[in-house]
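What follows is chain A paired twice: with chain B in the first complex and chain C in the second.
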Partner chain A sequence: MGANSHRESFPWKHIIGFLLSLVLTFAALWVALSSGLPLKAVIVIIVVFAVIQASLQLFMFMHVNESDSGRIQTFNMAYSFFIAIVVVAGSIWVMQFVL
Partner chain B sequence: MGEAAHRYDETLPLEYRTQESRLNILGFWIFLGAEVALFATLFATYLVLFQRTGSGPTAGELFEVQDVLIETLLLLTSSFTCGLAIFEMRRGRISGLIAWLLVTLLLGAGFITFEIREFIHYVHEGATMQTSAFLSSFFVLVGTHGAHVSVGIGWMILIIIQLLQRGFTPKTARKVFIVSLYWHFLDVVWIFIFTLVYLLGMVI
Partner chain C sequence: MKWSEFFVTGEPLIYAADVAIVLTMVGIVFVLTYFKKWKWLWNEWLTTVDHKKIGVMYIICAVLMLFRGGVDALLMRAQLTAPNMKFLDAQHYNEIFTTHGTIMILFMAMPFIIGLMNIVVPLQIGARDVAFPYLNALSFWLFFFGALLFNISFVIGGSPDAGWTAYFPLAGNEFSHGVGNNYYAVALQISGIGTLMTGINFLVTILKMRAPGMTLMRMPMFTWTILITCVLIIFAFPVLTVALALMTFDRVFGTQFFTMANGGMSMLWANLFWIWGHPEVYIVILPSFGIFSEVVSTFAQKRLFGYKAMVGSIVGIAFLSFIVWVHHFFTMGAGPAVNSAFSITTMAIAIPTGVKIFNWLFTIRKGKIRFTTAMLWSLAFIPNFVIGGVTGVMLAMAAADYQYHNSYFLIAHFHYVLIAGTVFACFAGLHYWYPKMFGHILNERLGKWTFWLFMIGFNVCFFPMYFLGLMGMTRRMYTYSAGLGWTPLNVVATVGAVLMGIGFIVLCYNIYYSARYGERDMTGDPWNGRTLEWATASPPVHYNFPVTPVVEDVDAYWVMKKKYGGFHVKEEDLKPIHMPSNSGRPFWMSVAFFVAGFGLVFKWFALAIVGALFIVLGLILRSFEDDDGYHIPVDEIKRMERAARKGA
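Right after this comes the complex of A and B.
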C-alpha cells in the first residue's frame, strides 16, 4: 500500500508542491497582466497553468493515488474533471450561438 | 483484496487501519467528484454570462489585482499548512498536527475576512447580485466557494476539539484526514476561480 511508502523526516513533497504552486500563480498573473501576448494565447496558458496547479494539489498534497483504492480515486477525479470540461466548454459553445 | 482487506492493518497509517475508515475515505473522494460537477455548473453559468454586464460595472472595472492576490496566497498557504498537519499526524505528533491545523484555520479565516471585505466593497460601488447577469453569476460562484470555506472552518474546529478530547485513534485520524482532503479541495476550486474569474476578467 502506497500510503506507507513516504515516511520521510522532512515534508519535501509538500514544500516542492507549495513552491511550484507559488511560481505558477505568479507566472499566470504575469502572463495575464504584463506579457502582452494575444488574448487566445493568454487564455490557453493560464488555463494550462491552473490544471497543472490543481494536479499538484491532488498528487503532492492530497495523495489521490495512495492506498488500495488509489486507482479508483484517481479515475473518479479524472472523470469528474472530464464532466467539468464537457459542462463548461459545452455551455460556452452552445451559448455563443444565442448571445 | 478478499480477507486481507477486512483486517485491521497495523502497518498502515492510522487513518487507513480499519475497513470502515478506508471506505469512508474512498466515499469522500466520490463526494469530491460530485463537488467538481457542482462547481462546473456554476463556472459554466458564469463564463456564459460574464460579459452581460448590463448597466453595471464590467469585471475589468471591478477586480483589483492586490486583493485577489492576497486571497489567493492566504488560501494556497493554508492548503500547504494543512498538508503539513497530515505530515505531522503520520509521524505521530499530535501537538504538531494541532498547531498546523490552527495555522490553517487562521489563514482560512483571513481568506474569508478578505473575501467579505471584497464583497462589501463591490456592493458599496453599486455592484450587487441584482445589478447584472455578470454579478449574479459571480456572487453565486465565488459565494458558494466562500460558503464551503466557512463550513470547512467550522468542521475543522470541531475536529480539533475531538482531537483534544480523544487523542489519536483510528477514528479521529480518519476524520482529520478527510477534513484535510476537503480543505485541499477548496484550494483546487480557488485556483480555477483565480484563473477563470479574476485573471480572465482583468484581461478581457
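Right after this comes the complex of A and C.
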C-alpha cells in the first residue's frame, strides 16, 4: 500500500488545492459576469484560469508526480490534449458552415 | 397525467406483452419463493463483486436483449415482407426500429463484450479480481437499471421513436411530444456512466495487476484489445454524457441547445453523437478482433502471426477512430474540404484492418485446424467482415455517399460489420469460454446447427439489402408500394431473418441441453489453450489463482505446459489470499438511479430528487466505509483447491 504508508497527518495539499480551486472559480465567474472587459479578453482570461485549475488539481488531488508510472501518465495527458483539440477544433471546423 | 397515457394502450401486441410481462414476473417470484432462493439470489448474485459472476450476469442480460432486439427485427421484417402491409402502423414501426438499434448496440453488443472481458481479462493476466471490484458491481447494476428503464418504455409511456441516433430537431420537444425520447436520454445516461466506470476499472486492472513477467508485449491479444477499448471508452463516453445531458436539458427543462430557434444548433447533436458514436463502434469491434485472435490461434494450434503488427494495427485503428466521425453525415454538406478530409481518414482505417485480416489468414496457414464451433464463427467472420469492410470503403467516398446515404446499402453495410464482426465474435467467445464460465462445454453438434442456420440466414437476410439500397429503398420507411419492384428481395431478406431467429432458438436450447447433459470439463483446459485463463479450474475458484503465476511468454500457459507440464501449485507456497467483501450498495444505489431517472422521464421532480438523494447517500456511506475485505486462510485454500481439482 504505497500511497497509504506515508499518510500525512493533515491533508494540507487537499485543503490548499480546494481553496485555490474555489478562488479560481469565483475569479472566473467575476471576470465573466461583472468585470466589464471585452469578450475576447474574458475568454482568454477564463481559459487561462481553467488551465491553471486543471493542472492544480492534477498535482494537488491526483498526485500526478507521485506515481511510478510517469510514462503512462505523460502519454495519457498528451492523448487527452489531442482528443480535446480534435473534439473542440474539429467541431468548430465541421459546424462552421452553420455558425 | 391519466392512466391511459401512463400505460401504452390501443395495440393488441402491447396488451399481449403486458400479459407476458406480468406472467413472467409472477413466475420468477413464484420460483424464487417456492425453491427458497431469495437469500441465494441476494448473497450469491445481487451483492457479488466477483468479476466472473458479474460477467455471467452481463452475458445473461445480453442474451435477453438479443432476444428483445431480435423480436424487434422480426417485427420489422414481417412488416416489410410485402408492399402495403398493415401489420404495424408508422408510429409503432418508428418505435421498433429505434429500440432495435439502441438495444442491439448499447444493451446487447456492449454488455456481451463487457461480460466476456469481465470473465476473461483478470484470468488472462493472472489477477484475482479487477482493480476496483465494488466499482465493477456498480457498473453492472447501472447498466442493468439503465437497460430496464429503456425497456419498460414500450409498455409505460411509449418508446423513443426518433431512431437510435435521435437526431434533432426530430428528437426535440417540437416534434416528439411524448416521453419516449426522455427515456432515451436518461436510460442511456445511466448505463453510459456504468460503461465509463468499466473503462476506467479495466484500464487500471490491465496496467497495474498483470502477473509478474507479463510485460505489455506479452499480454494476450484479447487483453490488448480490451486495454485499447478502455482508452476509447474513457475518451469517447464523456462526449455522450455531455450530449445526453444537453438533450435532457432541452427535453425536460426547455433549454435550446439543439432546437431550431433561439440560436440552437440541431446538427451539433449529430456532430456530438458521432464523435462518441464512431469510437463506439470500435469499442464493440476491437474486443471482437481480440476474441477471434485467441480462437484462431488456439484452434489453428499455432502462435498468433504478427503479434507486434496486430498491436500496432489496434492502436492505429483506435487513433483513427476519433478523426472519422463526419462520414456519418457527409450529406449535411459541410463543404468539400471537411468531407474530403474525413473521407481520407475513413479510407485509411481499411489499412490497419487489412493488416489484421492477413495476420489471421497467416495464423491459419499450415495450422492443424480443429473445426470447433468457436473456430467456425471465426472462420466465417473473415469473408463476411471483408464484404462489410469493402462496402464501407465505398461509403467512405463522400461524393458517392450522397447516393448510398441512409439507403438499405448502408443498412446492409453496418449489419455486415456489426453482425459478422461483433455478434459472430460474441458467439465464438461464448462457445470458447463457456466451459470457463460454467464448467461444461456447449454441445458442439447443436453449436454447429446454430452456426450454419445463423450464418446462412445472416447472408440471406442482409446481402439482398445491398441491392435494395441500390434500387432506391431507404431506411426507416415503414411500407412501400408494389410498383417499385422491391418485393422479391424483401421476401428473401425475411426468410433470412427467420433462419437467424431459428439459429438463436437452437442456441438457447443448446444452453439448456448442455447444462443438463453437456460434457463436464474436469481439466480446466478443454481446448488445449495457450493463455492463463486455461490454467485455472473450470469454473475457477472465486480467487482464481491459488498463487500468482509467473509469465515467460505471450502464450503463457502453452509455455508452462511445454516446460513444466502445466501450472503446478505447491501447498507450501500458499499464502492467505486477500479478497474484497460483497456489498449490496451498488444494487440499491442503482435502484436509486432508476427511480431518479424515472422521475426525470415523466418530469416528476419530487421523485427524481428523492432518487438523487439516495444516490448521494450511497456515495457518502461508501466514503466513510472502512472495509478492507477479508483474508482466506491457507487451510481453506487447500480445501477449495482439492475440491476444484478432484477431476484433474
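Heads up, the rule we're going with is that the second predicted complex is superposed on the first by the 84 of 99 C-alpha atoms of A that agree within 3 Å, B and C clash if a C-alpha of one lies under 4 Å from a C-alpha of the other, contacts with A are read in each partner's own complex, and residues count from 1 in each chain.
Methods note: a residue touches a chain if its C-beta (ideal position, glycine included) is under 8 Å from a C-beta of that chain, and two chains touch if they have at least 3 such contacts.
The model shown is predicted, which means the values in this text are computed figures rather than measured ones.
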Which partner chains sit in contact with A:Val44 here, chain B, chain C, both or neither? Use first/second/both/neither. neither
Looking at the overlay, what does A:Ser91 touch: chain B (first), chain C (second), both, or neither? both
What is the contact status of A:Thr25 with respect to chain B (first) and chain C (second): first, second, both, or neither? first
Between chain B (first) and chain C (second), which, if any, makes contact with A:Gln57: first, second, both or neither? first
More chain A residues touched by chain B or by chain C? B
Who does A:His14 touch here: chain B (first), chain C (second), both, or neither? first
I'd like to know which partner A:Ser80 touches here: chain B for first, chain C for second, both or neither. both
After overlaying the two complexes on chain A, where does the chain B footprint on chain A coincide with the chain C footprint? 69, 72, 79-80, 83, 87, 90-91, 95
Touching residues on chain C, where the partner in the complex is chain A: 207, 231, 235, 239, 265, 267-268, 271-272, 275, 322-323, 325-326, 333-335, 338
Residues of chain B touching chain A in the complex: 1, 5, 9, 11-13, 16, 22, 25-26, 29-30, 32-34, 36-37, 39-41, 43-45, 47-48, 52, 65, 69, 72-73, 76-77, 79-80, 82-84, 87, 90-91, 180-181, 184-185, 187-188, 191-192, 194-196, 199-200, 202-204
Of chain A, residues touching chain B in the complex: 1, 3-4, 7, 11, 14, 17-18, 21-22, 25, 28-29, 32-33, 39, 42-43, 46-47, 49-50, 53-54, 57-58, 60-62, 64, 67-69, 72-73, 76-77, 79-81, 83-84, 87-88, 90-92, 95, 99
Residue numbers on chain A that touch chain C, as the complex places them: 69, 72, 79-80, 83, 86-87, 90-91, 93-95, 97-98
